[in-house]
Amino acid sequence: MTLRIAILGAGRIGQVHARAVSATPNTRLVAISDPMADVVKRLAETYGCDIRSIDEIAASDDVDAVLICTPTNTHADLIEQFAKAGKAVFCEKPVDLSLARVKECLKTVESEGASLMVGFQRRFDPDFMALKQAIDEGRIGEVEMITLTSRDPGPPPYDYIKVSGGIFRDMTIHDFDVARWLLGEKVETVQAAASVLTDAKIGELGDYDSVNVILTTASGKQCTITNTRRATYGYDQRIEVLGSKGSVSAENHREANIEIADGSGYVRPPLLNFFMSRYVNAYANEIAAFSDAVANGTPTPTTGHDGMMALALADASLKSVEEGRAVKVSDVLDAA
Amino acid sequence: MTLRIAILGAGRIGQVHARAVSATPNTRLVAISDPMADVVKRLAETYGCDIRSIDEIAASDDVDAVLICTPTNTHADLIEQFAKAGKAVFCEKPVDLSLARVKECLKTVESEGASLMVGFQRRFDPDFMALKQAIDEGRIGEVEMITLTSRDPGPPPYDYIKVSGGIFRDMTIHDFDVARWLLGEKVETVQAAASVLTDAKIGELGDYDSVNVILTTASGKQCTITNTRRATYGYDQRIEVLGSKGSVSAENHREANIEIADGSGYVRPPLLNFFMSRYVNAYANEIAAFSDAVANGTPTPTTGHDGMMALALADASLKSVEEGRAVKVSDVLDAA
Amino acid sequence: MTLRIAILGAGRIGQVHARAVSATPNTRLVAISDPMADVVKRLAETYGCDIRSIDEIAASDDVDAVLICTPTNTHADLIEQFAKAGKAVFCEKPVDLSLARVKECLKTVESEGASLMVGFQRRFDPDFMALKQAIDEGRIGEVEMITLTSRDPGPPPYDYIKVSGGIFRDMTIHDFDVARWLLGEKVETVQAAASVLTDAKIGELGDYDSVNVILTTASGKQCTITNTRRATYGYDQRIEVLGSKGSVSAENHREANIEIADGSGYVRPPLLNFFMSRYVNAYANEIAAFSDAVANGTPTPTTGHDGMMALALADASLKSVEEGRAVKVSDVLDAA
Amino acid sequence: MTLRIAILGAGRIGQVHARAVSATPNTRLVAISDPMADVVKRLAETYGCDIRSIDEIAASDDVDAVLICTPTNTHADLIEQFAKAGKAVFCEKPVDLSLARVKECLKTVESEGASLMVGFQRRFDPDFMALKQAIDEGRIGEVEMITLTSRDPGPPPYDYIKVSGGIFRDMTIHDFDVARWLLGEKVETVQAAASVLTDAKIGELGDYDSVNVILTTASGKQCTITNTRRATYGYDQRIEVLGSKGSVSAENHREANIEIADGSGYVRPPLLNFFMSRYVNAYANEIAAFSDAVANGTPTPTTGHDGMMALALADASLKSVEEGRAVKVSDVLDAA
C-alpha cells in the first residue's frame, strides 16, 4: 500500500518534508497547498504533484494523511479540520502557543479517533536514537541526570520572535521533549533562569536569549537544559546522560571531519550552522516513522500529548523565571 | 538539458549508481542492462527505466552516457565499444588488469575523442574534498609527506581474489589514486612490502593481505600507504598530509557519534563496516560530477590516464615486492 | 630568601602539601604537627623536619607560615591563633561550616593584618589556568554562560558525610569558587535542586548525592553546576564557558592516553579516579603560589573572602532546595 | 639499600637525569663530572653532591653506578672503563656511531660481566607502557602492522647534524627501538626512502630531513616509521599497532587540554614542543627502572644489545636508501 500525502505550507519546512516524502518508500506526495503561488508551483513541478486549496485537500479521497507546515497560529484549527476529515495528521510543533487551546484541540482529536503526530524531529536523529538505544539496553543502568546543551548560531528575525511565544516555547520546547523522552518519568518541578545577554532588542520584545532550566522528576531525577540564541561556532546540539552504571553522550556534527594543525594549534571546522542540515536525517526518519505508523495503524511515535507536555514545561519555566520559584508542572496543566 | 544515462551491470555498484542517477538533478536513467533477468527487472521497475541489451544501448539515440559496472574483464572492450558509439563513458576502476591493454584502450578513446571517466570515488568524499581544499588554499604550505591508512574490515571471497589482479591492483589502487591526487607531482619510485598475515589461503591464491608502500616523487615528496584485508573495528580510511606550514588529516566515520563511559572506559562505536555506506556521499558526488562534465563538455575530473597511472603504481609495487628493490614507475610504463 | 613552613595535620592532604613544599624552590618544611605519633614521625623522617605541637609552632621564630590541614572544625580557631602569632596562613577549605563563624574569623584576620589563603586548588590546575587565560586574553569575548560538571567517582565514608556540612558545603563549594573565579561578577541569585539517587543511606544522614545549581549574576550571566557522588567512569571534572565571541572548555584527565579498537568499538581508559592524582599539579602550583605571595608580600591569589563567598553560595543553595525558590546571596550573607 | 650514582656530563640530559635521581627513592646522587666548571658547580650545589673527575669516579668506592651523559664519541670508551671498574652503567644512546665499535664494546661489557643499560626512554613513557601492556594482555591479538609517527618540531643545529651520524642514527634510532620492542620478533629486511624537504643545507651536510622506513620480520609483520625534522604543530609522537583482534594507539601530548571554539572552528593548543617536556615522565621512569635493576641484580630493561640492534637498523636504512633496495639486517650485522 502506498500512503498518499498532502503538504499544507510550502515554506522552508514544507520543502524539507516534500523531499522526505519523495524519498520515502511506499509514500506518494499527492498535493501541496500554499497561498504563495510561485513557490507552490515550483514545488509541485519538482515533485509532480497537484496544487490544491486546504479545503480541497480535506475533501480529497486520494489523500490519506497531511503534513501541517503552516504558521503556528493555524495549527490547532487545521488539526481539528483534518481530524474531522478523517485524515492522519502530522503537525509541526507547537500545536498552539496556548496550553488551553492545545487541550481543547487534543480533545477533538481524541473524540474523532484521529491519528496525530507532533513534529519533534530530534527523537529521530540517528545519533540520539543510538543514545536512546544504549539507555534502553541498560548500558548505563538507571537514568539519573541529563545535561542538554542546545545553542542556536544566531537569533531568528525580530518579527518571528514577536510571534514565537518566547524562547521557552519556541526553542527550549525541543529540549523539553528530548528530556521527557530520555527521563522516562514525569517531570514534577521546573526551575528556570533567563537573561538577555546577546541582543538588548530581544529583551525589548519581551523575550530572553539565554536560559538555563532544571527539571526534576518525582523520584529525583534531574535534567538541565542550557540554551542560547548565539553560539559563534555553529549549531550546538549535545546530550549527556548519567546513569547508575555509566554515562552516554552524543556529539555535534561538523562541516567536515578534518583537522588542520600548525603552530597555532589543531583546528577542526565549526559545527553545521543550520538546524535543517544538522537534522536532515532526522527529518527524513521522522516522516518515514509517521508514514509507517499510519500505514500500519500503530500509534505515532510522538503524539499530541507530547506536544502538550512540552508546552506545559515551557509555560512552567516562564512562570519560574517570573516568580523566582520552583513551579509544579501539574499546577500549570491544571490552570490551563 | 537532461543527461540520459544507461547503466551496464545491475550488480552492487550498478545499483548504487542507479540510485545516484535518480537523485541527481538533470540526469535521467533511461536503460539498464544485465544478464541476470530478475535483478535487472527489479531495478528497471524501481527506477522506471528500460531493460536493453548492451548492443541496443550502444545503438540507442536516447542515451548520452553509460556507466560501466560490469566485471573487470569486460571494461576495456566496453569502453572501446561505447567510445566508438559516441557515448560519454564512466567506467568503474580498473580499465583492465593489463597495463598494455589499458594503454591500447586509451588510444582508442583518444582517437575517438570520447569522454572517459574512471571511477575513483574517494576524490568525491566530502571530507577528503575538504582536506584537498585546505591544501589548495595553502593552509599547510607545500605538501611534503602523506600517510594513507586504508584497511578493509575483511577480505573479499576467494573467488573474487582469484580474478582481482591481487591486492595492489584491487585495493591499493584507490590509495594510489588518492596519493597522486594529493601529491600533485609525478611519482618516480615505488618501494613495497607485502605479507600474508590474516589468512594463509590468500597466500595460496598467490595474493597478499597486508602491504606497505612508499611512493617518492622527483622532488623527494613521500607517501606511505598501509593496507590490510582485516580490521576488526571496521572500514578504516584515513588521510594525513604533512606540509611545510602544517598538517591536515581526515577522520573515519562511525556507526553513530555517541560515546558510552563506565568503569571499563569510554567507548565509541566501531567504524562503518562497508565501503558503500562509508562512501555513499562520495558515490553520489562522483556521478553528479560525471554528469556535469558531460553536460558542460568539460574534462571529466578523473580520466583514463588516472586509471592507467594508478595501475602502473600497482604493477610497480608488485615488482618491488618480487625483486626486493625500489622500482621506477617509468620503467613499468615503458615495458607495458 | 627561604620561606620556612610548618604543616598542621599529617593526614592525606597534609602529606600532599609536605611533598609540594619539599619540591618548591625557596621553601623549607621546618616542622609538622599531628596527634598521630607514628604518621607524623614517618613524615618528619621523610622530609627531615621537626615534630612540634601546634602551640610550639605558633611560638616558633623559625616558622614564617603554616598550612592548616587539620579537621574542618579546628580551622577557624587555628586561623585566628596563627594570625595573631604573626604567621602567614594557608588553610584548606572551608574556614568553617558556619557562615557567621567565618565572618568573625575573617574580622580577626583583618584586624591582625594577617595573610590568609584558602585552599581552592582548582584555580591552580594547569588546564583550568589555560582556560582562564584564554578568557582573560579576550579569546571568547564577554563571558555569558558557564557549565561546570563535577562528579566524584564515589561517596566519602558515611562518618565523613555526617560532619561534612552536606554536599553543597563539601563538594559543590569547589565549583562555587570556580564559578566566582570565571564569572568575574558577583552572583546575585541561586537556584538549586537536590536528590538522593545513588544511596538511600546518604538521604538518611540528611544529605543529598545529586545536585544541580544555577547561579545568576546581576547582569544576567549564568552558571550551572552539576554534581553527583557517583560516576562509574572516574573523577569527572569539566569546565565549559560560553562567551560572546566563542567558547572555551577544559577536558578530563585519563589514566593513559591510549585507545583500543575492536569489533565492539573504540575504547579509551576511564578517568583518573582520585582527586589527588587528578589535581596533583594543581596542589603543587597552589603551594608555590602561596609561598610566592608570602615571600613577596603580595596578596594571596585566593583569600578568606573567597572562602566566605563560596560558603555563602552553598548556604544559599541549601536554602533554595529547602524553600523551593531562588535565593538572594546577599540575604544569606546578611543573615549570618 | 641506597644506590649511589654518579653522572658523567652536566649538559641538558645530564641535568634531566640529576633531577630524576634526586626524585627517585633509594638512590643518591654522589658525584658529577663535567669539564664546564660553572655548570657542574651549579648542579653540585643544587643536588648537594661532589664534583669529581671521571677517573676519580671510576676509582670511587662510594659509587655503585654511573650515568653516561657525555658526547656520543666518548660513550664506548667510558662504558668499557666503567665496566672494568665494576660499576653498573647507564649510557645514553647510541653506544657508538660505528656498529663495529659497538660490537667490540659489548664484548668487553660481557666479559666483565657488567650491567649496561642503553637509554631508550620511550619504552618508559606511561602511555607507551599502557599501549605495550594492552598488547601483552592480548587485547589486540597477534601484532601484525605498526605505524610509528615521529616528527621533530625543528632540526638540531647544523654543528650537531655534522656529528650526529645522520637522521637514521640520530632520530629514527628511537623508533627502531620502539619497533623492536613492539614487534616482538626479529626484523629481517629494511626498506627506506629519504629526502631533503625542509632545509637544503641539511642536504649539503650529507643528511636527510624526511624519511620513511618499512621494517619486515621473518613472519611478515611490518612496521612503518615516518620521520621529519619539521612539524610546525609541535613534537609529534604517535604509535599505532594493528593486531589480529584489534588495534591500539597512543596519542600526543598537548600544551593544555583545552579547546576554544569560534566561527573559525574548534582549536586545541599545539603539541608540547620539546622532547624533554614530552618525555619528562619517561626519563624519570627510566632512571627508576635502571636503579631497580641494579639494586635487585636483575637484567636492565634495555641493554647494549638493544642499542646495537637499533643501530644496525639505522645502518640498514641508510644502505637501503643508497642502494635502492631492501637490505637484510643480518648482512649489515655480519659486515660490521
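Labels A, B, C and D are assigned to the chains in the order they are written; within every chain, residues are numbered from 1.
By definition in this document, contacts are C-beta pairs under 8 Å (C-beta built on N, C-alpha and C of every residue); 3 or more make two chains touch, one makes a residue touch a chain.
Computed from a predicted structure; not experimentally measured.
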item: Per Cα centroids, the chain farthest from subunit C; value: B
item: Selected pair, greater C-beta contact count between A-C and A-D; value: A-C
item: Copy pair subunit A, subunit B: interface residue numbering same or different (half cut); value: same
item: Chain centre separation (subunit B, subunit C; CA means) in Å; value: 58
item: Euclidean distance of C-alpha centroids - subunit A vs subunit C, Å; value: 41
item: Centre distance in Å when subunit A and subunit D are each reduced to the mean of their C-alpha atoms; value: 58
item: Residues of subunit C engaged with two or more neighbouring chains; value: 232-233, 245-247, 261-263, 269
item: Touching residues (chain side subunit B, partner subunit C) in the complex; value: 232-233, 261-270
item: Subunit C to subunit D touching residues, read off their complex; value: 126-127, 130-131, 134, 139-140, 245-253, 255-263, 269
item: Subunit C residues touching subunit A - in the complex, by the definition given at the top; value: 144-145, 147, 149, 151, 189, 191, 193, 195-198, 210-212, 214, 216, 219-222, 224, 226, 228, 230-233, 242, 244-247, 324-326
